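The first chain written gets the first letter, and so on, giving A, B, C and D; residue counts start at 1 in each chain.
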Amino acid sequence: MEGIPQHPKHTAELLQEILQRTQALPNDGAVANYIPALAEVDPEYLGIAVAELDGKVHIAGDAQMPFSIQSISKIFGLTLAMERVGDQLWNRVRMEPSGHAFNSIVQLEWEHGIPRNPFINAGAIVVADTLVSHYSASRTALTQFIRNLAQNPLIFVDEVVWESEREHGARNAALAYLMKSFNNIEANVDDVLDHYFYQCSISMSCVDLARSLSFLANRGVQPGTGEVICDPRSTRRINAMMSTSGMYDQSGEFAFTVGLPAKSGVGGGLVAVVPDYGVICAWSPKLNSFGNSYRGMFMIRQVAEELGLSVYS
Amino acid sequence: MEGIPQHPKHTAELLQEILQRTQALPNDGAVANYIPALAEVDPEYLGIAVAELDGKVHIAGDAQMPFSIQSISKIFGLTLAMERVGDQLWNRVRMEPSGHAFNSIVQLEWEHGIPRNPFINAGAIVVADTLVSHYSASRTALTQFIRNLAQNPLIFVDEVVWESEREHGARNAALAYLMKSFNNIEANVDDVLDHYFYQCSISMSCVDLARSLSFLANRGVQPGTGEVICDPRSTRRINAMMSTSGMYDQSGEFAFTVGLPAKSGVGGGLVAVVPDYGVICAWSPKLNSFGNSYRGMFMIRQVAEELGLSVYS
Amino acid sequence: MEGIPQHPKHTAELLQEILQRTQALPNDGAVANYIPALAEVDPEYLGIAVAELDGKVHIAGDAQMPFSIQSISKIFGLTLAMERVGDQLWNRVRMEPSGHAFNSIVQLEWEHGIPRNPFINAGAIVVADTLVSHYSASRTALTQFIRNLAQNPLIFVDEVVWESEREHGARNAALAYLMKSFNNIEANVDDVLDHYFYQCSISMSCVDLARSLSFLANRGVQPGTGEVICDPRSTRRINAMMSTSGMYDQSGEFAFTVGLPAKSGVGGGLVAVVPDYGVICAWSPKLNSFGNSYRGMFMIRQVAEELGLSVYS
Amino acid sequence: MEGIPQHPKHTAELLQEILQRTQALPNDGAVANYIPALAEVDPEYLGIAVAELDGKVHIAGDAQMPFSIQSISKIFGLTLAMERVGDQLWNRVRMEPSGHAFNSIVQLEWEHGIPRNPFINAGAIVVADTLVSHYSASRTALTQFIRNLAQNPLIFVDEVVWESEREHGARNAALAYLMKSFNNIEANVDDVLDHYFYQCSISMSCVDLARSLSFLANRGVQPGTGEVICDPRSTRRINAMMSTSGMYDQSGEFAFTVGLPAKSGVGGGLVAVVPDYGVICAWSPKLNSFGNSYRGMFMIRQVAEELGLSVYS
């Protein structure tokens, strides 16, 4: 990328145009149905927001409607843990793409309870364990961190989703107990899972997400407030892990076709970081077989192609 | 990255300094020993070259000594196949990181003979199959392609290495036959392996490699000659795959610590692409447990840090 | 086997001789150490008992000392569940050898939460689930079942072992939660695990075990009391599963070298069924890498060879 | 089993009755179609033979029609190799059930090229390697061995099947090359595969197979001729391995439901050894998903149940 992207029309108009192109496509895939609270979301929601580093936010569609951020919360948890725990975190979780589904337990057994990266469930549970162990009230700490990043005190946890996650959390409990058996969980497993399910249940809009993650495009400094969230080395590292592992077992394809650090959630949200430019967030509830938003990927790809945003030049 | 890197001293001096830092370290790891021809290489060789897009080449150490490029050849084979075969190549090989060792057969069976990406052995063998099938003389075509890229007609294949590869090629034969059993090899298996072993046996220097791969940093145009090697979409794709899969099962860590598209070979070579700036190539024969050059990684990381080169900003 | 084994000396003398041969060997292997209560057992214990169908019991060494029966309890749980639940049990657990370690979670994920057989941990946990679901007090029911079989009202659970199992039960919790996530656990996971850990913590002697399992050698009828424990088809089935899967991932080797249905426990106990003759039980705490008693296997093999007991003729 | 089975009617009549019961069932499953020569076999063939140790042979249906014995040949190869090579064979192949499909390559990689047992393809290829290495003309030696066992000089190899096996042998070539890469193949891979494909292509009838394998039920002595084929320890071992591994990944279920050492082939043949009584061979070309003959299994199970033949009592 050479400096600020050049484009012939205003970004807001471009987003509107892309939204219309997207609405013209068949709305393929399926809404996540492992918990009832997610399964009931209207599959027709469609929104996109772009937060630029100068503070401008462009939107189209349902960009201000809060949705369940699910795995996108892994970025917030990771950022907080990296600052709080430092490099010793990397003794307990690696930074390699997994080559397996996000909730696979196979690899975790082979690799003796050390998760491949912080964006698969097992890795995020280890991160949750560090937060539970290092904060007296880890859930509150995380909520405040996110509200501050988004400059939105109204961000909330959806209690129905949280309860539902707990009820259907057997697979994640299996991952946590397997890691415990390898001594890679320090706190009480129930407490760790409770934190993990809590952070998955946070509701945010495309605008909230694009704004709150802008420090990743700005070498650690939050554009609106000038606050230093982390050092530039940390943002490079987080962006690198999003690039190799942020889109589950479709990360390679996303790098190949789009070329931006990104993270998806099964609520249908998808954020992409454009270093030195800003953050894009798209939302559409229906997922493909990898667990990524079908129309969300389409929209982000369109923006990246139109604006020439790939980090791979 | 913001435009051309700014650095206080001349690149040549920096390389010299980094070379000295590297020589002061213990020379850890082990020379590849699966074939005698590689095992006999002097482990003290150490070289680095940086080819900038304006044509300048900076070097230090044994940067002009030819060595066995091994898996770095996968980039050349892939580029040629992408141009010749087009997008149908992606029906036969994917672009996902593998999460396994470079010569693993496990994943190939699970995934029905479709390799994870063109940089693991199985994927490169599929690419070799397409070259054998599309060219009347695929080995000659590849050699000419490389000589032209490097502007060096003296680039050659080491016949001793080639013969040695054939003699010790049982593991790669197993991969090829397994893919054949899934109908993912079209040509005769012996011919495909012969091409594959041939390309692994090409000898090039750091300077040759840095020069020849400069089109990857320059949106498909070879800087020296102005020749269009491929379109910018192809270079973005190749760089993306190098970023997620180029360093075997250490690719995530390399993205995390260095942040550049890269490819290594068991001959101890390592190339890294810096979009819009140039190509770095380092060489040191001793490998770590992932099959990557120990001191090669150290040198590239030093250059990237000193010059601030990560694509993740 | 042709009818009752013929042997030149009395069985009691033979056992004494074999005990001495065994004591002359180095006492290799290691006492199970995953819970402190087991790790503290004196590794020099060595006992053997043979219960013949006519009621005679021959012993040598520490044959009357109670020890932790651990996985041998899986036979009791299975027999009770087969009688109580009937053939629908086989919808939830298979009868195939696993080809993996006893506590592997890999295969369980591949095979969608259906364990390979009732003698690996996951399978025994499914069996425990059926007992918890079908009995108002499953632990009491099992204890009474075993006491009645052994005609020994003093058989007890070692509370220290039970508590220790619970404290170190993360791996088994992972198996249970993974099966829960595949809807193959009906009762509350904590209750199921509590039953499972309870049955593993029962203490019995070689004499107790040989006597209590005699119905397996006698087509379902308990020799001492004449009570019908199960039908002959059930004993054939249990013996078959012990033959293919009773010795963890060493079952094939045990069939090859000894040729008797057998089950081992990490407490160092080992029982072998000789159809139409009786049951042998050996005990020595040190285990080999598969989790089977080193000297226990040696003693059973000696008895089988001397008496010509293989079911494979 | 208590001595010679007692049954109310003559065995010949029983076989006739079972044949009729079988013909009344739907002929489920599918003929093996990986090679054309096998795919063309009439799926209606149905035959059974019982060879008793006193020399009587009872038959019903197409018991004298030769068919492709396929994997049943693994018993002949193994017997010959055990006699020729001795116990050092077990350094190169184990005797454990595999828990995987017969041609799986996954386990072979994990376990460093040592096959789980001689009845999966990889194990039989190792056995073939020992025969090729120890005999100047291994194919002739095997044919003579089988003709002598069956007392039938007309037993032949189907050249069309042999050629077809070679043409479609990529999967087996992959197994062989993978083992070669672990130094577990000594001879030339092509020669080993040629022997392996040859032995799979031998044609024999139910009568031939039941007669030729009678030594397995008779402690190593061939009943018709009195010739000592191997020692009793070897027959116990072969029977044990057939019991734990002879029916591919359905071996446990076969032990559970039938309880006899058995071996199947994808030609639809199935032999079962009844120690001290005789050998049963059934044939019906349609296979279930494990690669075992559907109606063959049904017939053998009927015979075993009617005559009370399980080795597990």
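The criterion applied here is as follows: a contact is a pair of C-beta atoms (placed from the backbone, for glycine too) under 8 Å apart; a residue touches a chain by one contact, two chains touch by 3 or more.
Quick caveat, the model's predicted, so the values are computed rather than measured.
Considering every other chain in turn, none proves to be in contact with both chain C and chain D.
Across the assembly, the mean Cα position most removed from that of chain C is the one of B.
In this assembly, the C-alpha centroid of chain B lies 55 Å from the C-alpha centroid of chain C. In this assembly, the C-alpha centroid of chain A lies 32 Å from the C-alpha centroid of chain B.
Centre-to-centre separation of chain A and chain C, using mean CA positions: 48 Å. Not a single residue position of chain A touches two or more of the other chains.
Because contacts link each chain to exactly two others and close back on themselves, their graph is best described as a ring. Shown are all chain pairs that touch, namely A-B, A-C, B-D, C-D. Residues of chain A touching chain B in their complex: 1-3, 94-100, 107, 116-117, 217, 219, 232, 235-237, 239-241, 243-245, 249-253, 255-256, 259, 261, 275-276, 310-313. Those residues of chain A that touch chain C in the shared complex are 104-106, 109-110, 170-171, 173-178, 180-181, 189.
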